[in-house]
Amino acid sequence: MDNVILIGLAGVLAAAAPVLFAVVGETITERAGVINLSLNGTILLSAMSGFAAAYKTQSLLVGFLVGMLVGAIVAFVVAFGSIALRQSQVAIGFVLALTARDLAYFLGVPYMNVPGPTLPGLPLPLLKDIPVLGTLFFRQNAITYLSFLLILAAWIWLFRTRPGLMLQGVGERPAAAFVRGANVNRLRYLYTIIGGAIAGLAGPAYTLSIKPGWMGTQTGLDGVGWIALAITIFGGWNPWRGALGAYLFALLQWLGLVLQPNLPNIPSQVLQVAPFPLMILTLLLVNVGDAEWVQRWLASMPDKTRRLAVKALRAMRASPPAALGTTFERD
Amino acid sequence: MKKNIWINLGFQAGAFLLALLITTLILIFAGAPPLKAYGSILSGAFGSQKNLIAVLISWSPLLLTTAGVLITFAAGLWNIGIEGQMTLGAIFATWGLRLFQDTNVSPALIIAIGLLFGMAGGALWAALAGALKTFGGVNEIFGGLGLNFVATALTIYLVFGPWKRPGVGSMSGTKPFDEKLWLSTLPGTALSPWGIGLSILAVIVVFILLRGTYFGLKLKAVGKNMRSAFMLGVPTWQYSMFAFLLCGAFAGLAGAIQVEAVYHRLLPNISNGYGFLGLLVAMLINYQAIWVIPIAFFFAALNVGSIQLQIVHKMDSSFAGVLQDLLVLLILLGQGARERLLKKA
Amino acid sequence: MKVELRNIHKRFGKVHASNDIALTIPAGTIQGILGENGAGKSTLMKILSGFIQADSGEILLDDRQVSIKSPADAIQLGIGMLHQDPLDFPPMRLVDNFLLGHAGGLFPNHKEVAWDIQKLNAQFGFALDPEAYVDSLTVGERQQLEILRLLWLGARVLILDEPTTGISASQKTKLFETLRKLAEQGKTIIFVSHKLEDVDVLCHKVAVLTAGKLMGEMNPPFDQKKLVELMFGKEISLGERYSAAAEGATLTLRDLAVEDARLQLSNVNLELRAGEVVGLAGMEGSGQGLFIRACCGLLRPVHGKVTLNHLDLTGKSYHVYKQNGATFLPASRMEEGLVPGLTLTEHFILAEETQGVFINQERGLVLAEERIRSFNIRGTPTSVVESLSGGNQQRALLALLRTPLSLILLEHPTRGLDIESAIYIWGKLKERCKQGSSIVFASSDLEELLQYSDRVIVFYSGKSTPPLDARSLTAGKLGELIGGAGWDEWETEQSA
């Protein structure tokens, strides 16, 4: 029994990998002050084209690279539309989310239900034999290992390197970053495209690994991108907290499947979406501290309770990069 | 001034042609003869009376959702939750019909109750998104998206759970209602003059609301500059909530019409993307209510016509979506390019 | 380092923000730059720090001509600027703030930098914790952080823009001490301010700017009267003044106390008579903003009572005040007054009482035409407000006021307007007074304050004088009070 649970949890870690790519990619983009709302379309289009490329070339690597390329191209359009042409990031991103999705379904027809290559498991020698941890972490495939590494790498880049500090600065206060020598708009292009490319790994991670193959609208990926956007907020623009969100999401979906037999009255699709109300709830908890009525309510509390409440709210609170969604123009 | 109008028109035509060019290239890439493909879309939409009626059937909900989001856009809100609001409309309408179907209330009244229930359901769902934004600080885009998923889950739960057909539940929906509870349709079709009439009425109401009423003017003020609107005496958050409620009611009505006139039952995915499509139409017409009727018709025709594409050329019907999305995208980018050009000149 | 500016010109549209500025600052000098808001101080400093480029003119450092194209260039050359609102990153740690923008390898050595901060701390007697987050610091500490950072990056010329706004007295003492120490080390300090008092105690040399021009330079001991004259024009000549003040109070404030994150204002009392004009004087952010917002329900008083037309409205919202005849026109016209994208007609319709459901477009048009004519607005009923000039926007805002009104609150009613518009606007306001409206306005224009007020309240970093009779005030006295001098007679009263 223990073993079943352990393998299940290892499956959760693997299943979370695509969401994690999307979340980390978006985190990087938004840290630079750009919202890439197209994530849902990016994932579908990269899923289809990554699979198609891998199928045609019989090379998994090409599949993943094509996925990244697709993500980068979509992200470039977001950056170009909002930085150079000064259109609303939300509008461009939303339309692209639909464009990329429809393109995926339209162009994906020839690749529907054909058997393609799938990523083999890659148990790491020695490490795989560690009790518990070995099963959980070291009997995964390459892309799942990459997802582990990515959390760490993104965190180090953001918070421990010089360019990462500048990246934070650009999204936080572009004017101050400019005074410190940053070419704000060039950096925004750069990180939007990099973030998009990372998010573009999510698609092939599904179609070449977690849910192998392309099945058009039956692939069941529609919606993942929107969740990733919400998890980015839940994650407070920090790769670790974002990863936690992605794992929680995958865990809930898994629990839905596992608990299904015990709850015969509830259709499986319902449990599959259980994370969404929870997502709304967490967004509420993350944001509610800033609402005016909460502030007023807090002010009316006795001192001791207030201090506790403020502390609790602050711990959950996630404040976005201050310049998120704004344009920067030098005086 | 006059010159600007021409430049404007030029950019719009340019964007349209560019979208057409790109979709043509996509068709070639996908291995379809472009002219034939466009031809089958045209004949798919207008080739027969049956097809034309199908266009009109999908025109109706699109009119309603577009009318709805024009209100929320006027208030400066991105009501992505409209899909869920339409779904809730369908659920509530079904609920209304189920409540009264076995009573001796007159069928006409039950049908009306169903429509009202639908509007209330949509408004309720929109109010949730609005409350999350106003009182919880949750951006309406994310609140709305989450609620969309919840709405879908609720439908599935009902279809497979409490409202399942006798025997076993299936994706084909609940048991169809008795024919007397159907919204009257043209004989032999699912086209309801009532549905079309109500949808056009909704567009007219929105047009008048935004153009000629205090409510519309205040809404626009809130949407364009909340601080100033507040200083001018407009109760700002109340107006945001109103906008959500109204939009939700329109979307709910669309859902109710789908139940009462088109499917006569509740199905999973009953909103069928009409909400998002409404957002696209609103963006394409630059939020000018006067263009809703023709452009929504054009989009509906594309949707229906591309089904032919699927039948004849074995291509996915999402081609309509590709063309619609690219059109909006290029119009947006064209706007940016034009502003940049005019600023430099 | 010696800094020399030659024939600097900079135009923004019609405004000549820097007009032929020539200034030489020897190394080791603390140079004061005095001037009112909009005199061109910021523009000049932005040119020197690379934020913007001059249209023409030369900059020489140690007699070598340089070209400064960006703030990064400036710091490379040894010029660092401390902005009024320090350009730092509040949610980040001090070390990271220090490091951000510092050239070097991929992985910065935090420990080393933290050590550097401690060393600089010791040198100047600061107590900045390198591991603390910037948003936990006071404005004064954030300034200290920026100064240390600029020095660490090798700045030899330090520009400080209004550094004494928003910091405590002890922090100010500390700041001045630091600046003197830096000057002794041979660094050049440029101290931009509109506070005479600060310039007086600190600077070795002062230059006064007015309307983009360098009006003159002065060496210590500074003649305050002369400086005021230079700042505000040779002599302030007041036009004919009249008062419409009548009996009966419109607005009464009792022991009012208000506060925001930066400032506290307490013990304010006022009885405003119908038709009276009260001017609020003081440097930007000295408390007049709090005062004016507390008068109309935009800020909830922490203590005290506000009465409007004998109704106790304490703690009520702005809309309740508005229904009772009060209105507020803030300084930022396009952010908190007008709605960009709406036409003049639509604004007039919005501002009037709602009548029924449908807008009577014709009546709106008639109303708009009439208002446009009577307020001399250069625009048409269908002009969107953002297409109007500043003066015309201000006229439009005044034209939006309903009749009757008992209280009109204004912030900088004539800032940025030409003289003709200013006179016109005050004519309209005085008409209102004759109809019984009371006016409270904040302004940084001494002439305007003295010319149009019946009484004046002066604010200085959260302190306020009782209402003073405008006839008994002179420009010199007002200038002193604004600069923080001559407050002794009320100090005892306040602390009592």
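Read from first to last, the chains carry the letters A, B and C; within each, the first residue is number 1.
Note that a contact is a pair of C-beta atoms (placed from the backbone, for glycine too) under 8 Å apart; a residue touches a chain by one contact, two chains touch by 3 or more.
Note that the coordinates shown come from a computational prediction; the quantities given were computed from them, not determined experimentally.
*Asks:* Chains touching subunit B and subunit C alike, please list them.
*Replies:* Of all the chains present, those in contact with both subunit B and subunit C are A.
*Asks:* Which two chains does the highest number of contacting C-beta pairs join?
*Replies:* Contact tally peaks for the chain pair A-B.
*Asks:* What chain lies closest to the overall centre, CA atoms only?
*Replies:* A
*Asks:* Centroid from C-alpha atoms only, then distance subunit B to subunit C, rounded to Å. What do you get?
*Replies:* 49
*Asks:* In angstrom, rounded to a whole number, how far apart do the mean CA points of subunit A and subunit B lie?
*Replies:* 28
*Asks:* Taking each chain's centre as the mean position of its Cα atoms, how many Å separate subunit A from subunit C?
*Replies:* Result: the chain centres lie 44 Å from each other.
*Asks:* How about subunit C: which of its residues touch subunit A in the complex?
*Replies:* It is residues 46, 51-52, 70-72, 75, 81, 87-92, 96, 99-102, 104-108 of subunit C that touch subunit A.
*Asks:* For subunit B, which residues are in contact with subunit A within the complex?
*Replies:* 26, 29-31, 78, 80, 132, 135-139, 141-143, 145-147, 149-150, 152-153, 156-157, 159-161, 169, 268, 276, 279-280, 283, 314-316, 318-319, 321-322, 324-326, 328-329, 332-333, 335-337, 339-340
*Asks:* If you look only at subunit B, which of its residues touch subunit C in the complex?
*Replies:* 212-215, 217-218, 220-221, 224-225, 227-235
*Asks:* Over in the complex, which subunit A residues touch subunit C? Could you list them?
*Replies:* 160-163, 165-166, 168-169, 172-173, 175-182, 319, 322, 330-331
*Asks:* So in the complex, which bits of subunit C are touching subunit B?
*Replies:* 318-319, 322, 328, 330, 334-342, 346-347, 349-351, 354-359, 361, 400
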